[in-house]
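Both of the next two complexes hold subunit A, though its partner changes from subunit B to subunit C.
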Partner chain A sequence: MKRVAHGVLEQTFEHLRRCGEGRRECVVFLTGPLEIPDLIDQAVHPSHRASAGGYELASAGIADISTQLLAARRTVRAQVHTHPGVAYHSPHDDEFALVHTPGFLSLVIPRFALGPVGLDGAFLAERDRDGGWVAVPPDERLELC
Partner chain B sequence: MRTHHEALARTSLLLNQEWFAGEADERAIAGALLASTVRMVGDAESLSCRAGQTALITAFMLTARLGIGIELVAPNVRLIDHSAPLREGRLVDALLELGSDLIPGLRVRTTVGQVDETFAFGSAPGSQQAVRVAASDVGAELERGSKSTPCHGHLPFGGLAAGAAVAAVALEAAVARIEAATGMIARKPRPSPGPPVRIRLSELFPELADGLQLDLGSVDVISGGAITHAMLFCLLRIPGVHARLRIIEEQKAEISNVNRYSLLRASDDGVDKIEQLKSVETDGVTVKGVRSLFTKNNRGTLLPLAERVLVGVDDVRARWWVQEEQPDWLAIGATGNNLARLTTHVAAGPCAACTHPEALAPGVIPTISFVSFWAGFLQACALVSGSRAPTNVFIYPFALSGPQAIASFAPRTNPDCPLDCSASAGQEAA
Partner chain C sequence: MAVQEQNQQESTHKTAILIAYNGMNASFDYDPRQVAEVTRVHALNHYDVKGPDRNQDFLFGPDNQTEIKDEVSIGSQVQPGSQLYLRPRSQSGGAGR
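So, the complex of A and B:
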């Protein structure tokens, strides 16, 4: 179980709504300190291109964020992105998740995150030991503080 | 001699991309589809109303175009709508005849045998494991179990939706066979097409229940492809519709189109698409074909456009070129691998380029029957609803049992609109 610090989900939705503008997908990384493996306490909005049908992370943006996180002894614990409608993991989502470590979480938020802040209708996938994904109930992996 | 591999090439490509990361043998996928069979059972009462009959016809047509065999257990009732692609006067006769002219090697039978899934329409008998299919004027429900609900309705909308939902469930029933044939496991987790499925089209188009606009006048249709086929398949089944369609298309039909073109038959291979579409017109819905492409350079020869314009082209730039001619009402049907979309546009609102701002890279586009169908079906619904309110609807036909599988938004202006339309300029000024 990962603890999501107070306000982080609100920040995440704010990024997703402001950038996606209700007409294109958006992506946010949830990060935490290396020393506290179960904590998520920041939302980072990476550089990306997006349309109503998908998003693409910019390589330079990923490199910048990685450098900054390393310097601050932090890491990405989950990737969050939006869909126009139903939340699920598409082949693109499988392939282009940032982290390949078992236990990495990928959260999909429906309706361009225009609905209430929360995990209702959200889809959560977790990297398994084989590098694949398993669907897990969001409230079994994410504790909102 | 054309083969099922050729006919199912786009379907196999899509399933390979969606389920096997592009690493499966697509001939094996096509072979497994052809080796699969579903049973469709219907009762006389449900199949004698337009909602129920349309549900079975649509389910049959879309499932058959997947290459999946169909065991038909239904009374041979009189056909309500004598519309393409059906040619016979009675339901079972018409479906058997159609099934003989779709995917080469497709198996359609009326004798009972082993099946991968059973769909019981209306009050038809079925086991606890059968998928119950109920259709009404504007609603559709699929539920597994023994509780039956008769189909009832004189409008086709619920039946069209039910049929499209059935095809996606039928495909899911073929997964085990496809996995065995390819030697690969389909990716998980993946969304569920149902059951259960509950569709209320009146939530998207309230006018469908309150009063249809049946006299549509002149309508221009850009493309004679899969989305236009689906739109016309639906329009031909709406009682009392009158429309004069001008369809602009320059290509010939190919066997690889049969996987998704709702009105096309295998025997139409090589025929001009506009000639084939002309052949399905009725007294109420007439078709004038124009052998041409709507491009930036030659559009002048195709003007003026009608007040209502439907666009079903893959080329996003063509959507912009049509928008530049400022039709009073523009409806764009579009698809992705697992997504069907409708956007409508009126003067001073967000334009087609606001909502479709990025051109697609050229290449062979994966397609599948029920996704293309939804895009054209939505166009038909929007057309006869008569609504001028701009819409932006997303439907996930592979995920119909999930929340938000049908999502509707108000279109947004785009400050980066490629056409710098007046609505986007107004937003920038604000």
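So, the complex of A and C:
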């Protein structure tokens, strides 16, 4: 179970709504300090391109994130992105995640995050020991503090 | 004696670099004569990167922009003690892709 610090989910929705404007997908990375393994206390909105059907980070965007993480001794514990309609993990979501280690989480928020702030209707996938994905109930992996 | 000398010669070829992955950082010994893929696979195993998607993670140099070529000797591409990064070339997702 990962603890999501107070205000982080609100901040995440704010990024997704402002950037996506209800017509484009958007992505946010949830990070935490290396020293506290289960804590998520920041929402990072990376530089990316997006359309109604997807988003993409170029190499430079990933370089920025990875350099900042190393300097700050922080790690990405979950990636969050929106879908236009219902939330699910598409084959593309399965294949092109940022992190490929067991326990990494990928949260999909429906309707461009225009609904109420929360995990209702959200889809959560978790990396398993073999590098695949399994669907898990959001409230079994994310504790909103 | 000959074996000992050979081992000593081999050990002089070993050196170390740092490789970061998702904020974590560790030191890796490498043989500069080996292709860079050997070190990349070593780092992937160390960080427990699993599954077919692990082939999307590549080594990047100290500027975190220049990709280290898998098929070329690592010694010709990095200096001992360098900070490298293990990461994807791109990242994407979405419902309509």
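As a working rule, the second predicted complex is superposed on the first by the 145 of 145 C-alpha atoms of A that agree within 3 Å, B and C clash if a C-alpha of one lies under 4 Å from a C-alpha of the other, contacts with A are read in each partner's own complex, and residues count from 1 in each chain.
Here is the rule we use: a residue touches a chain if its C-beta (ideal position, glycine included) is under 8 Å from a C-beta of that chain, and two chains touch if they have at least 3 such contacts.
If you're wondering where the values come from, they're calculated on a predicted model, not measured in any experiment.
Novice: Following the superposition defined at the top, how do subunit B and subunit C come out on subunit A, clash or fit?
Specialist: Taken together on subunit A, subunit C would fit alongside subunit B, as the superposition shows.
Novice: After the superposition on A, what does A:85 contact: first (subunit B), second (subunit C), both or neither?
Specialist: both
Novice: Would you sort A:135 into first (subunit B), second (subunit C), both or neither based on which partner it touches?
Specialist: So A:135 only meets subunit B here.
Novice: Would you sort A:56 into first (subunit B), second (subunit C), both or neither based on which partner it touches?
Specialist: Only subunit C is touched by A:56; subunit B is not.
Novice: After lining up the shared chain so the two structures overlap, which partner does A:22 touch, if you call subunit B first and subunit C second: first, second, both or neither?
Specialist: first
Novice: On subunit A, which partner touches more residues: subunit B or subunit C?
Specialist: In the superposed model, C touches more residues of subunit A.
Novice: Is A:95 touching anything from subunit B or subunit C once the two structures are fitted on A? First, second, both or neither.
Specialist: In the superposition, A:95 touches subunit B and subunit C alike.
Novice: Regarding the shared-chain residue A:111, is it in contact with subunit B (first), subunit C (second), both, or neither?
Specialist: Only subunit B is touched by A:111; subunit C is not.
Novice: Which angle, to the nearest 10 degrees, do you get at the Cα centre of subunit A between the Cα centres of subunit B and subunit C?
Specialist: Here the answer is 110 degrees.
Novice: On the A-aligned overlay, A:121 touches which partner chain: subunit B = first, subunit C = second, or both, or neither?
Specialist: Only subunit B; A:121 stays clear of subunit C.
Novice: On the A-aligned overlay, A:7 touches which partner chain: subunit B = first, subunit C = second, or both, or neither?
Specialist: Neither partner.
Novice: Using only CA atoms and the superposition described at the top, report the least gap between subunit B and subunit C in Å.
Specialist: 5
Novice: Taking the stated contact definition, name every residue in subunit A that is touched by subunit B in one complex and by subunit C in the other, in rising order.
Specialist: In subunit A, residues 51-53, 83-85, 88, 90, 95, 132 are touched by subunit B and also by subunit C.
Novice: Given the complex with subunit B, which residues does subunit A contribute to the contact?
Specialist: Interface residues on subunit A, with respect to subunit B: 21-23, 51-53, 83-91, 94-95, 110-112, 114, 121, 125, 132-135.
Novice: Going by the contact rule at the top, pick out the subunit C residues touching subunit A in the complex.
Specialist: It is residues 20, 22-25, 47-54, 56-57, 60, 64-65, 83, 85, 87-97 of subunit C that touch subunit A.
Novice: Which positions of subunit B touch subunit A when the two form their complex?
Specialist: Interface residues on the subunit B side: 17-18, 21, 187-191, 336, 338-339, 341, 354-355, 357-358, 392, 394-396, 399, 402-407, 409-412, 414.
Novice: Can you list the residues on subunit A that touch subunit C in the complex?
Specialist: Contact set of subunit A toward subunit C: 25, 27, 31, 34, 51-63, 66-67, 69-70, 72-76, 79, 81, 83-85, 88, 90, 92-93, 95-102, 106, 127, 129-132.
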